[in-house]
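These are the structures, in structure tokens.
Common to both upcoming complexes is chain A, partnered first by chain B, then by chain C.
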Partner chain A sequence: MADTADRVVGGLRTDGPTVLAAYGALVRSRVAAQASYRTSFVVDIAAQVLIGLVEFAEVYVVFTQVSDLGGFSFAEVSLIFGLATAAFGLADLVVGHVDRLPFYVRTGQLDAFLLRPLSALGQLVTSDFSLRRLGRVAFSLLVLVIALAAVDINWTPARVALLLSTPIAGAIIFSAVFVATSAVGFWLVDGTEFANAFTYGGNYLSSFPFTVFGSIVRRTFTFVIPVAFVAYLPALALLGRDDRMGMPAWLSWSAGPVALVAWLVALLVWRTGLRHYTGTGS
Partner chain B sequence: MSLAAARPAAALAGAGFRRWSTYRQAAVAGVFVNTVFGVIKLSILLAVADSAGGTVAGYDRIGLSTYAWMSQGLIAVVVINAWTELADRIRTGDIAVDLARPVDLQLAWLAADLGRAVWALLSRAIVPILFGAALFGFRVPGNPLVLVLLPVSITLAVVVSFACRFLVNLAAFWLTEIRGLVTFYFLVAGLLGGHLVPVQLFPGWLQTVAYATPFPAIIQWPIDLVTGQATGWAVGGVVAAQLGWAVVLLGLGRLVLSRATRRLVVQGG
Partner chain C sequence: MIVEVADLRREFVVRRRAGRLRRTRDVVAAVDGVTFSISPGECVGYIGANGAGKSTTIKMLTGILVPTSGTVRVCGLDPVLQRTALARQIGVVFGQRSQLWWDLPLRDSFRLLAAIHRLPASAAQPRLDECVALLEMEPFLDVPVRQLSLGQRMRGEVTAALLHSPELLVLDEPTIGLDLLSKERLRGFLVRERRERGTTVLLTTHDLPDIERLCERILVVDHGRVAFDGTLPALVARVGAERVLVVDLVEPGPALTDVPGTTLRLVEADGLRQHLAFRQEETTAAAVVAAVSARVELRDLAVTEPDIEDVVRRIYES
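This part shows the complex of A and B:
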């Protein structure tokens, strides 16, 4: 099985246009499937907006008690929250279901993927898009827009570019975290909850200023799981502030390269996991 | 409960315990995740206390640590998310087989859930609490009445949680897809139950909303016994109110189930 996996993953990728057309067809079929049940789709999207609202309630409750958190105002934390949850929502929409890898392993669906001339990861990702998560992303963007109106930003072309690119770079970083941690499922079929600590935990933590965390947590979620680059560090550059804990200012502008490195590492982990995979044995 | 009903219930509880105890990897992963979330949650709460000048809504730093680790341990035991087995059986029609069995559907699932809760307490709750206590501090309740009533309170929290999840699952009789409802329930119950932030930190209007729901009975109240937010007569009051919610919600579940099964038609042969 390992040999087949290698050949399929590595070998047939060069066939550019055909492969893209195949993925295009897969994605269109998923979109059509979800949009065809109109009422159910609208209800799902509305539920996702409410989910965003409940997440934001924690920030709101905290600021009914205090006027600053770790040196940041309500509007500034809302800005961080908006950036983080928009990025997470986008990543969850596109690749969130990879953490169900054990389900694909158990049902034999992964074996079916391996037999087709497309990469297993590519098929897994395109097998299910959670379009309903657009509701959550929309709510995050709403919070972001209101927060941007409420904070004081000295706008420059560089800051505008940073603001526009941050949710995309953030989504790429979160997708890498999803893929890398879900690959744990190749070794531990019952242990995929581990991934939650870094995916959902990363979303939770990156919605708040990093000044509230201790140094071990801060370093882990900056240099190992790089979610500091999703919201907190770019927000510092937007607000024109320095990190109280002494992170160099250029890190605030580095989400793009970090996203690239994160994906390379994620693909490496995924490929190692896939090589380790030998089927369910049934 | 009569003796005739108690024996299958005990067997089902034992089966619930054994069933979940086979997932050892999942338990280790769960402990890890709960601990990571505990550290994040406590960091945020301690920053709130720092900004507020040391204490917030009657919680000092040790109080917040006790709250954070009790809530992380307890959430694994009471569980507010992702149980859709009953809804799946309703959707597939397997519910017809369950209804034909000579055991009460609700009590059977409740017994299995209590068995699961015992395993979760041993495997998922104790380690995060010990870890948190060692690193961040923990206030062990001095009141002997609390030590006696705490196991009762936690058991009732599981029963109230089960009764709510039973009702959410029954929605599958009317809706084909309850995934959105389950996610929404998880978030609302978590917030209003005091899992993310203690209910005492809520603004007045939100506290009123929270206390009008059964969710604090699942999370906040058992923790209040330990943190000392509930003292004196309130200790007994907490347990009595939990009992009230348990009776009302289990009763409501039976009512909804009987209404649903009256019009149940299962297709196929």
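This part shows the complex of A and C:
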């Protein structure tokens, strides 16, 4: 049994590759597989830029009719839009395909994952790596840079740190939303639709100032599905403004801890779902 | 004991539509109190009709499915609670659950599996070379898995399950759909794997030659219970499975009702073709052939073996 004990802590063994190396190999193989279809890859990237452009056009069209939206100018809303879509694009790039869980259940691929010495969620996440979504991220960053030049920000070291950390924290929050809502696929055959309502829906909401929504929507998407922390709340701190609806200012600096809590909840939901799956069979 | 199963039970809830809105909820036991154990180095054939509970048992042995009640230990581990630790000690080839990447060449799939099992290159490469040579996979190592034939893919799946030199190999219908040559190559490879490494094997099959060639022990499950646990000859003796000699005569002859140790089952084409059933423990094929050719002139003959469905069915008739 000494041998068994050694294998249990296999990730820390020094005589072979580590768990991290295993995931690294999986991701590299996915990237290589995509890059081998070069034309399709370029078309996909272009399509993703176009999707970003259409989404942004929607914001632009609104501002041809009004001069401000919920108390925010075009440049300020563009800043929120840039932060939100950059975070969503990054999350979508890394974990976006977990919403296909019902497909993995139906085809037996999830069972194949369970027969390997790695976590099922880790394998699901690394089973795809949608590089084409880089197109969306690049467009978001472009909008963000232009918006930053157009708005008036009183730069301090804290605000610079906030700006740099916000897309990362936002991506982690969106990833948690992806994982938690996708785990519903353990119970529902059409779980993908359910998950998309929250992931893509959350992306849409988070790219607007929350002052335009009613209080139920605002509270739900701040405290239940915390996408307000992805762009709107940090943007308030960057612009040096207070929330008109009376949210405390420190919330604007809380995306990091919120991301951590969101992931803990997401992992709990995932574990419960996986236990339901091994408990019922499919 | 490498596998220890005691009073294992697994229920499923089946919901059925009854009327326009009403739905009934039935509890069905797929595995209904199974007890057995397997010693290191054994090769056990796990057989039974479709729906007898074979796959459900394998899922519980490998940690994919939680038992409703009873205990399972595999390699001294709890399959569900210690799933990843167990995965490093067992190899599984399981139905539609492919371990290969359909869009990658076979060689890359093996490379990834070696990384997943955290095998140092010094251990993975010689093992892979050995499997590639024995299963003759060199010609298609660089072909994407989706383009492989079933036989080629199955050789890849078996290699994928053995790359980390597991103590226990679980095979679910490994020869189904393969042609005779592929079946024989795979059986030969598994025989050698057991001889060289003492790997314990548990396999489900519908193919009697798989059992004859590989397994010294058979577990027959039926309706979720172990109906028989013993050797193939003991099983055949118990159920009295019959072999059938089919003879074609040169010209129509009389019905062969008086051949010692046989029963005439069927006469076709006015006696041109006759089917004689006999039991292995009462006479031999050679003796029957000799007795028949003493009476009539033979043109052709064939011996059909009892098939597994037939054997299983007879357990309940006996």
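Keep in mind that, in the parts below, the second predicted complex is superposed on the first by the 258 of 282 C-alpha atoms of A that agree within 3 Å, B and C clash if a C-alpha of one lies under 4 Å from a C-alpha of the other, contacts with A are read in each partner's own complex, and residues count from 1 in each chain.
Basically, a contact is a pair of C-beta atoms (placed from the backbone, for glycine too) under 8 Å apart; a residue touches a chain by one contact, two chains touch by 3 or more.
Predicted model, so just to flag it, every value in this text is computed and none were measured.
Once the two complexes are overlaid on the shared chain, A:107 sits against chain C while remaining clear of chain B. In the superposed model, A:204 makes contact with chain B only, not with chain C.
In the superposed pair of complexes, A:190 makes contact with chain B only, with no contact to chain C.
Of the two partner chains, chain C is the only one that A:26 touches; chain B does not reach it.
Of the two partner chains placed by superposition, only chain C is touched by A:278; chain B is not.
Common to the chain B-facing and chain C-facing surfaces of chain A is no residue whatsoever. Contact residues of chain A toward chain C in the complex are 1, 4, 7-8, 10-11, 13, 15-19, 21-22, 25-26, 29, 33, 107-109, 111-112, 114-119, 275, 278-281. Of all residues in chain C, those touching chain A in their complex are 10, 12-13, 56, 59, 62-66, 75-77, 80, 82-85, 87-89, 92, 94-99, 101, 103-104, 108, 111-113, 115-120, 123.
Partner chain A is touched in their complex by these residues of chain B: 23-26, 28-30, 32-33, 36-37, 39-40, 43-44, 46-48, 51-52, 56-57, 176-177, 179-181, 183-184, 187-188, 191, 196-197, 201-203, 206.
On chain A, the positions that touch chain B within their shared complex are 40, 43-44, 47-48, 50-51, 54-55, 57-58, 61-62, 64-70, 132, 188-194, 196-197, 201, 204-205, 208, 211-214, 217.
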